[in-house]
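Across the two complexes that follow, chain A remains constant while its partner is chain B and subsequently chain C.
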Partner chain A sequence: MNDHQAESRYEVPPPALTGSVWAIFKRELGQYFVSPIAYFVAFVILLIMGLAFNAYLEIWKDQRTTASAPALVGFFVSLMVFMAPLLTMRLLAEENREGTIELLLTMPVRDIDIVLGKFLGAWAYYTLLLLVTVVYQLILASVAQPDMGAAIASYIGAWLYGGASLAVGLMFSALTENQIVAGFLGLSALMVMFQANTFALSISDPNLRELVRALSTGTHYYRSFANGIVRLEDVLFFVFVMAGALFVAVRMVESRRWR
Partner chain B sequence: MIKVEHLTKRYGTFTAVDDLSFEARHGEILGFLGPNGAGKTTTMRILTGFMPPTGGHATVAGYDVFTESMQVRHLVGYMPETVPLYPDMSVRGYLEFMAELRRIPNRRARVREALARVDMLDRAESLVRNLSKGLRQRVGLAQAIIHDPPVLILDEPTIGLDPRQVLAVRSLVRELGKDHTVMFSTHILSEAEQICDRVLIIHQGRAIAAGPPQTLRDELQKSGRVFVRIGGASTDAEELVALLERVPSVARVEAMDTGFAVTAWGGKDIRPAIARAVTEAGRPLLELRPLAMTLEDIFLEVTQVDDVEAGGA
Partner chain C sequence: MHTDYKLMAARVLSIVGVIAAFAALAVLLTGGDIAVILVALGAGVLGFGGWFVLAPDDMRGIIRGRQVRHGAFAVISSALFIGVLALLYVLATRNEVSADFTQTQRFTLSSASKQALADLKTPIHITGFYAASSIQAQENITVLLRQYSEATGDLITFEFIDLNERPTVAAAYGATADGMLFAQREGDPPELAEFILSSTERQITRAILKLIKSGDFKVYFVAGHGEYDPAGEEDNGMSVIDEALHDLFDIETAELNLLEGEIPEDASGLVIAGAITRFLPAEVDLLAGYLADGGRLMLLADPPLPPDTQQFLDAEDPLVPLLWEQYGVRFREDVVISSANLDSPFEPFGDWMSGDHPVTQNLRQRPPVFSLARSIEAAESRPSGVLVLDLVRSRAEDLGETDFEKLLESPPAYRYDADVDMPGPLLLAAAVQNHIGEANETRIVLVGDSSFVTNEYSSFPGNYILFLDAIDWLIDYSAEIDVEVISDTTRLPPTYTSDQGALIGFLTIIVMPAAVLAVGLVVWWTRQQG
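== the complex of A and B ==
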């Protein structure tokens, strides 16, 4: 018998089903409302959306075309290249810099709980931002007859697109201690992913070109959701991007233990 | 409660902890002493489940720190050297978050209890960012004891505090030591001497001495040293040195403060011989007392020997 087994064992709480995801999620979501950056982001997004909304109204009036609900959501989606890094760059980089990651990693908390809690907190905040834009849809619905089904499809797409973008941003936040570096890398990656279908045009090898195009986040949103279509392959694409980026983020957090 | 066997940690080619073995019993305050970079923090990080060891193994309360990390983390309260706090949170909010992460029941009561223990009930609503260094340290301690763990690991809990705060933290550690196993690191030797039941001195990742402070001092005090102060009309130093050197068994005479430090061969008690010699020479003996070796001296001696060995190799 091992001598360490002879020592009386202390009782420990049983592992919880959801781990500590909920505790971390609550803190992260709360953090958005105590730090000025989140209010600032919300303010700027609403301002820009308002400007865009007015511009769209003018266009629809002049061209006498049907008002399109997804157009506004599509515009919101295009902002995410800049907004997602802003919303996520703090999440892990700050913990790495302040040394609080050491505390989290010595808590009875799984590494994946830390990453998931933070991601879900950011996604929840993003969802709130997205829901605020519904105001413009209500105004639109009161003056025109937009296609409601298409509007809902575009929101589902924007929600998934946002989740994928935030996951990528979080991944870069896990990589470094510097928020600016995290933000810049996230911005660059999201930009490349968004524009991959355009960049693909310069690739001569047809197979590679198709592959790069298939990885474009912009294409997966604009060719389906933006037209009011929810396609399984596009849904799965965003889910895979999310899962992949989060997996890498968990690995990055784990690697803090080995340095 | 804590059992470390042949623990080794390498970062690339650098060996931070080298075949370290020690034990801390239940209800014991173990002082972990060593200069900066001795491997104290690394050892503590392994014990708290922050990083895995390269070799050897360690158990806390019977659980392996690597394979049963989650259990160990439940049973250990840890305060890292740079107290990890969230500046945007209130003291209460921070502690409640920690309690929730640990999934302990009666969170509010536990938070209040921990705050009371570090005497910070009146600052519960303050934002962490507005706290002084000493108060932050106490919040860090409150965080470590929030789940009333059987084992506390505190990395340099008194570093950077003013003398009054240092005293407060020391008495807190002493008090916690009554019902917890406490392992705390410091590079201040008098601190370890005052608080600890047992001291472990480590240097370059290796344990070089261990035991109760008193025993350590007795064991390592190889040379009998006494302090002598001689009065009289003539205070010619050379004459007095010559006088003392003539005393049998005296190995070395050095000037020290207003008198001399006399070292005897083989740790002999030479006080009677010195007293006799001085009075026979017709001089008034003003002071004659043994010079206790402090842990500081022991520490310097032990680490110097090591440095010489390392340098010669």
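== the complex of A and C ==
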């Protein structure tokens, strides 16, 4: 494809955003339900969550401490560091490797539609997994009196946190053709972002410490949502991380046209 | 120089230029030293300059190349987009906007606190000591403290200090552990700061109210009848509880001689502890008037033993008819003999303490111990409006010995005589209330022993608590500085049987994951068949 061809593509009137995004979203979400990997991921998550839930119950009962609904959601959130790269590593890397991205790029869809559709598909699948964990809250409510208001706040946070993690994972998937490399880069980035609040504690300079903490996803989840508070600042952080990562992902996809 | 080497050197210099430019930007953004920025910029200029001098065509070609053009656009547009997002984030988060989803509104200042602090005029400063590792806890309390500032128009301010970085400041406040909070009047030295018992709204408001109301409470110890010395540090002094009133409650204390003819207007309450001689009629008249106007009195009286010296509240004391006729209570002429300890028969202890009354509700498992006590009698028929509540009773097996001659024998001889002695359980402490109008009431706490407040006996936890809680209730201290507490049932642990636990485990560890795995296998198998 020469320069002229590449640039003339931009002159084609793009289809309605919602139409193409919706089509890609449906395709991606459908992929999860026919992919054994997605079921395997769900199986592993539910098994770990089940074990953790029972361990939490035992501890709360034995030590006669508060049955904390947000604690379970917080545990689910910590699993996202591993889960998000698994869910996103194939999204664009596979298309890159198999060359199907070229096919997609020849279709009358915009780059942003491709990225958004794939992202929303992954987020929807994540949302379903998150909703399954409500079962634990219902069981907990039958044996204790957990703070359901705090639980709702923690679910809002977990949903936003998941969206941000998936967007970061998708960004790395757009960067390479190799799924393993995409997964590894996503895992590393999410791990650093999640644990930055802990690393920051060892920084002596207070301004730098605050800056590192402010960039940590862990900070923005645990300081508010996990306690039952929904703060605009933390909501915006996750929304902006999503927007930033998706913007870069779009630029990456776009680069296929001129590389 | 060979062309290839020139090109290689030019490329190396270009990389140096890029790295130096980024380094300069990074140092600039992190507020680094200007000299470092200039050095980095200089290195950048040298790098790019060298590239241009050694291989101008290479530089021109790359800069004008299609990939560079598009790549630069991608990088710059991404950087700009992220920059705009960061700017929007900073602008949008200048003010705290949050919603408290917790059932008990744990992070929202209650209307009770807002109301209690509505008339705040004195600036209050709250200092929290948090180590860097406790940043999470610090941020949680910040949410609440910001609301205190907003609710009081910034009259309440706060700051956090890392106790590891500023140990001398922490020591000045007496902060010995992470997470300790102190409230003080603006300008007061750290030594006068009020320690906030826990980082809950109730305790923060309580500490602030305590500072505001400091000096509002004053308790007078009646003197002139052989009473204990409030400042006395010997065994029969009361310095321990006197200091507790000062240090724990900021309650002022003073001695009062009723013969001076008036009870000061600033008296929150009176204490008569350890009197030996009778009160004069003029003193009793003064007390009667004070009580009739809603006065508060703690009356601690020992048995008339030996009868010739211990005359307080004997048959001729004019205080006795006042108590009996106006308030339906009196001290019996007896000595409570403890059945629990044969070695110390004159040291009865509280066997039953009212769990409902503020004076005794904190005494569970910590019974007060008395030394030579007498019992209290409540009249069956009392003046209208007068309420007498039992606070502390002795064991059922104890007795009220009325034959003092036998007790003075050596060794003391005592035996229950159904005709004259009182059977247990005996009332050892009682509370009297008499409503005067809607907002005022007379309150009296009677205890059939005075020595329990002396330095010798106040070290017993039950004695210490009984006295302080009695003062608290009498002068309405907690009611003045406390705010309503919402009971938080969400802090309870789970309760379930072992069968229920097994069922929960089966459902969540086996059934749920297995169901998902089974569906996945079916999908996989179907696709294989298809």
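Everything that follows uses one rule, which is that the second predicted complex is superposed on the first by the 238 of 259 C-alpha atoms of A that agree within 3 Å, B and C clash if a C-alpha of one lies under 4 Å from a C-alpha of the other, contacts with A are read in each partner's own complex, and residues count from 1 in each chain.
Note that in this section contacts are C-beta pairs under 8 Å (C-beta built on N, C-alpha and C of every residue); 3 or more make two chains touch, one makes a residue touch a chain.
What you see is a predicted model, and the numbers here were worked out from it, not measured in a lab.
Asks: When the two structures are laid over each other on chain A, which of chain B and chain C touches more residues of chain A?
Replies: With both complexes superposed on chain A, more residues of chain A are touched by C.
Asks: Let me test your reading of the model: by the given contact rule, A:V34 touches which partner, first (chain B), second (chain C), both or neither?
Replies: The answer is both, since A:V34 touches chain B and chain C.
Asks: After lining up the shared chain so the two structures overlap, which partner does A:S20 touch, if you call chain B first and chain C second: first, second, both or neither?
Replies: first
Asks: Would you check which partner chain A:G149 touches, where first means chain B only, second means chain C only, and both and neither mean what they say?
Replies: The answer is second: A:G149 touches chain C but not chain B.
Asks: Figure out whether A:F240 sits in contact with chain B (first) or chain C (second), or with both, or with neither.
Replies: A:F240: touches chain C, not chain B.
Asks: Is A:V248 in contact with chain B, with chain C, with both, or with neither (first, second, both, neither)?
Replies: second
Asks: Quick one: classify A:V230 as touching chain B (first), chain C (second), both or neither.
Replies: After superposition on chain A, A:V230 lies in contact with chain C alone.
Asks: Can you give me the overlap between the chain B contact set and the chain C contact set on chain A?
Replies: Touching chain B in the first complex and chain C in the second, residues 34, 258-259 of chain A appear in both lists.
Asks: Quick check: in the complex, which residue numbers of chain A touch chain B?
Replies: 4-5, 7-10, 12-13, 15-16, 20, 23-24, 27, 31, 34-35, 98-109, 257-259
Asks: Please output the residues of chain B touching chain A within their complex, sorted ascending.
Replies: 1, 3, 11, 45, 48-52, 59, 61-64, 70-71, 73-76, 78, 80, 82, 84-86, 88, 97-98, 100-104, 143, 150
Asks: How about chain A: which of its residues touch chain C in the complex?
Replies: Going by the criterion above, the answer is residues 3, 33-34, 36, 38-40, 42-44, 46-47, 49-51, 53-54, 57-58, 60-61, 63-67, 132, 135-136, 139-140, 143-150, 152-153, 197, 201, 207-209, 211, 213, 222-224, 227-233, 236-237, 240, 243-244, 247-248, 251-252, 254-255, 258-259.
Asks: List the residues on chain C that touch chain A in their complex, please.
Replies: By the definition above, chain C touches chain A via 30-31, 66-67, 70-71, 74, 77-78, 81-82, 85-86, 88-89, 92-93, 96-104, 106-107, 132-133, 135-136, 139-140, 143, 489-496, 500-501, 504-505, 507-510, 512-513, 516-517, 519-521, 523-524, 527.
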